[in-house]
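Below: one structure in structure tokens.
In this document, chain identifiers A, B and C correspond to the written order of the chains, with residue numbering beginning at 1 in each.
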Amino acid sequence: MNSITKLLSRAALAAMVALPAMTAAQAAEITIAVGSEASTLDPQKRDDGGERAINDNIYETLLARTPAGELVPGLAEALPTQVDPLTWEFKLRPNIKFTNGEAFNADAVVKSVARIIDPNFASEQMSYFGTIAKAEKVDDLTVRVVTTGPDPILPSRMYWMKMVPATYSDDPAFQTEPAGTGPYKLSTWTRGQEVVLEKNPDYWGDAPSIDTVRFRFIGESGTRMAGLMAGELDVITNLLPEFVESVPKSAAVQGVETSVIILSTENEATKDERVRKALNLAIDRQALADSLYSGFALPTKGQLVNPRAFGFNTALQPYPYDPEQAKALIKEAGAEGKTVTLVGEAGRWLKDRELIEAVGNYWEEAGVKVDYRIEEFGEYLNQLFDRKKRPDAVFVVNSNELLDADREMSFAYMPNGTASSNNDPDLAAWVPAARVETDVEKRKGIYAQATQKAHDHYYLVPLLNMQDVYGFSARLEWQPRVDAKLLAKEMKVTE
Amino acid sequence: MGLFILRRLFQGFLVVLGVTLVVFVATRMVGDPAQVMLPLSATAEQRAAFEHKFGLDRPMAEQFVDFIGDLATFDFGESMWQRRPAMDVIAGRLPNTLKLIAAGLGLAIVLALPLGALAAIRPGGFADRITVFLGLFGLSLPQFWLGLLLIMVFAVTFKVLPTSGYGGWTHFILPAVTLALPAAARLMMLVRSSVIDELNQQYVRTARAKGLRFPQVLFGHALRNALVPFITLAGWEFISALAGYTVVVETVFAWPGLGLTAMQAIKFSDLFLLQAIVFTVAIGIVLVNIVLDVIYKLIDPRIKLA
Amino acid sequence: MAVISPAVPTAAAKPRAGSFSALAAELWHDKAGLFGFAIIVLLIVLAFIAPLITPYDPALQSVAARLKPPVWMAKGSWEHLLGTDHLGRDVLSRVMAGARTSLIVGVSVVLLAGSFGVLVGLFAGFKGGRTDAVLMRLVDIQVAFPGLLMILLIVSVIGPSMTTMIVVLAITNWMIYARVVRGIVLSVRQTPYVEAAEVIGCKPARVIFKHILPNLTSPLLTLGILEFTNIVLAEAAMSFLGLGVQPPATSWGLDVANGKDYIFVAWWLITFPGLSISVTVLAINLFANWLRVTTDPQEREKRFARAKAAERRRAGRTAPTPVEA
């Protein structure tokens, strides 16, 4: 069976090379363009988009999410139960095998956890798993995961941890010849060019409708577009909103990224609350969303927390656009003509430079002078992370894959957070408290307080919740996911 | 001859040493790879561990000594981005770049020889004016622009060629044409002027007056005498393509060669890989130069090799 | 090493004391050269007065007027003759401002690299012996550096800016001047009159300024102009790769890079800056071509001969029996 499919796909490949214009006619084979090349196919090592896009189709996690973002059982039979504040118990689905023949069982889970948190392994994904102490086998299909402190978002974390086979994962070959439990397995990997996946015939779940998935690495977005228009590609990510009209098909979904400008409460230019308020009121977020992103972004609702995330404060309203009041506030605070330094970078996020410059324009209209510091990425990070000397205003796009407010809180809300610029003692106390609060309602309450406080004192200038826009070929049917995973098993091809 | 090659090799060694020094200073003194390579949320401990793992926390002098020692044994270190030996990455990409250069330069030569000769037959004539103008035009097109236009026309509008990537021979056409055009223009101009000069020589005029047929003059004398400057220029084109001019073409066409890899290494601030690429290319240039010198000697024994 | 750069006249050409009006008349006859000259003049004028005449501030954004097509298209308007870009900036204004960038970068690099190269060349050619050998080896070594890769490496580490780019391009482009100048100095010094000047004890400075520099003007001018086109293209390529001019400054290459993502909805974004680069480089090449021929006596002779031959051919064609195909 295997060799036959391989043979067929070889034949298909040969036909394609000979007749590139014919690709659109190939059934049940799709090509997905990703921006950067996979550096390894070890699913636990790196934290980069190229690797993730491919391994999301080869490997699976204990918990999964629906396309809309709701946590559901994955390799686990059900959502976990809490044994005590530090211990979570998972029941596993029976009779699942990795493609190398190893069984998926408690040993595999214990190994997966131990492997990824091993300091010697130095996984780049550790920032997702910092609270996990160990995993214990109870019986063949029952596992307990133990955390170092109370960790309410452990289920979300386990949705990020890919399960690897207990024995084979120690083999050096594992990095290039993966073996997972997922709907697809590796067929060929041509370095620098493409990775081809084929259907896993022994997949435990519903069989996917697409037989072969080809991932091509194309860095230039113009080149990706050209490939889509020419019918060589079926899915491209990060489609520029302007192209929605031009591509054969497109789809958008609320994404995990939110753009924000973090204001310093210490610096001369921005320590006056009236100035910070004015900088918020001066911006027409709706106009930015409509024109810059062609409507594929939503104005933030007075907070940085992602609307899909746990801890999102539904009571908060968006900061209104009120240029007159902004001007008046700037005047009142005596900040007219004063310089605000706005630090940012270009090229990392969709239209980042454009957004920074547009916001700066609004600020200048309100009466301050803006000193744009578009830095090279390394220097930008220096300034973003510099705890001693905060920039007046620094632009950043926060990404919340775990969909829990703790991410935004420890990044931009909590004093001495990764990139925060305030010294609010309440936030300093609340954020760590919420992190270990296992009572869901209490925890929600703390986040409501925190977002309200930051909102009222204008510590941040939350800008837009980004949508992820995808371009499809005419024949592809797919509902993109909130978590931005490119799951080929959910895709279909119409002929 | 042997002594000559030895001298050239020594000179090449100096080149490589100079390149190494510049690369080392540029990358270690200014950039901070730990920051760029790790995700935004990485902790200070993770950054420290990363620096320790790649030896970035040691004194500069110590790093440099190690670096030279490793180079001597052809150990270029591990690519931080790909997490495998940088040399393995290069070994996979260099052939693709060489193939692209070969296709592009081959095309340029095939275009340049007949067009240049055609233009030279009647300087100032119609064919000459057209080819010279086309040549100057070819020199004037920025390659990144030309590449985009070619993709637009042949891949997107007419769908006769693939837009990008590496594959069968059809994948070669657009990148090769893009790479070839300026080189073809320069080579064509050179052929033209050499042939014109040669046709104006007294002995050629005499030969023609005595009734030697034109093709014999052209192929027997004019083109043969244009060979040395032609090879010099073709070699120069090869070197400048290798030295980085494929970067633009490979970027536009997503061609998995050394140039694209260099851009990715820059993006991921992958110092070891970048060093290894620059180092490899430097060695390549030295070798090509030596080969060129030997070719001259074979063509024209009168050339003194110093 | 035997690598030489193409199409550079190294022959010591005696400068002709042709009067200005005679030159102008000659240029008038060479239509291609004239076209090139006109474009160059336009470019220089634009670069100087661009800030005064651009219809808009080239960096001025208007989110309401994004991606407007040029005036002759269905949705175009007279407000933006060449349309607007993805930020609502006026393309015409940006193209004009880009001329300034290209000129500044091109001229600065040619002057910097040129003066350094000329100095090295003069020194090496004049001192001769060991100094010459060492300097020329240095030149050889740097010529063999992987040029563009080194530039990319250095710029990506230091951080891109216009100044960085000018310095880096100058550092990687001075060698050719040194070679050309040295070659000319060596050959000029062998001419009897310079030998004589040296024998009677002329100071080196006097020899350089009186005898050698005049011989350098014409080839250096041509070389500088041709190098200028290379720099314009290099600047564009670097800006295209994101390692050159940084916003809010403008450059043609940068605009093509910005526009390339919009190639399918707004062709004018890459077309006008791209055309500007092409036309500029083409114009300079045409002019340089004319200049080379005009300032080189050998070439002039050839051109004259060719013109005569063409005349004869034309005359022959009207004759009843054509001479040889």
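We take it that a contact is a pair of C-beta atoms (placed from the backbone, for glycine too) under 8 Å apart; a residue touches a chain by one contact, two chains touch by 3 or more.
Everything numeric in this text was worked out from a predicted model, so none of it was measured.
J.: Which chains sit in contact with both members of the pair chain B and chain C?
T.: A
J.: I'd like the most central chain, judged by C-alpha centroids against the all-protein C-alpha centroid.
T.: If we average C-alpha coordinates per chain, B lands closest to the whole-structure average.
J.: Pick out whichever of the two, A-B or A-C, is joined by more C-beta pairs in contact.
T.: Result of the comparison of A-C and A-B: A-B.
J.: Just curious, how far off is chain C from chain B if you go by their C-alpha centres, in Å?
T.: 22
J.: How many angstrom lie between the CA centroids of chain A and chain C, rounded to a whole number?
T.: 47
J.: Averaged over CA atoms, how far is the centre of chain A from the centre of chain B? Could you give it in whole Å?
T.: Taking the average C-alpha coordinate of chain A and of chain B, the gap between them is 39 Å.
J.: Could you list which residues of chain B touch at least two other chains?
T.: 31, 148, 152, 156, 251, 263
J.: Find every residue in chain A that makes contact with two or more other chains and list them.
T.: 220, 222, 226, 229
J.: Do you know which chain C residues sit against two or more other chains?
T.: 156, 260, 263-264
J.: Which residues, counting only chain B, touch chain C once they are in their complex?
T.: On the chain B side, the touching residues are 8, 11-12, 14-15, 18-19, 22-23, 26-27, 30-31, 123-125, 132-133, 136-137, 139-145, 148-149, 152, 156, 186, 189-190, 196, 200, 232-233, 235-236, 239-240, 242-245, 247-248, 251, 262-263, 266, 274, 277-278, 281-282, 285-286, 289, 292-293, 296.
J.: Could you list, by residue number, the parts of chain C that touch chain B in their complex?
T.: Interface residues on the chain C side: 1-7, 32, 137, 140-142, 144-154, 156-158, 229, 233, 236-237, 240-241, 253, 256-257, 260, 263-264, 270, 274, 277-282, 285-286, 289, 302, 305-307, 310.
J.: Using the touch definition from the top, list the residues of chain C that touch chain A in their complex.
T.: Counting only chain C, the residues touching chain A are 61, 63-64, 66-67, 86-87, 156, 159-160, 242, 246-248, 260-266.
J.: Which residues, counting only chain A, touch chain C once they are in their complex?
T.: Residues in contact with chain C: 220-222, 225-226, 229, 240, 242-243, 245-246, 287-288, 291-292, 346-347, 353-354, 357-358, 361, 372, 374-376, 379.
J.: If you look only at chain B, which of its residues touch chain A in the complex?
T.: 31-32, 35-36, 38-43, 46, 49-50, 53, 81-84, 89, 92-93, 96, 148, 151-152, 155-156, 159-168, 170, 251-254, 256, 260-261, 263-264, 267, 269
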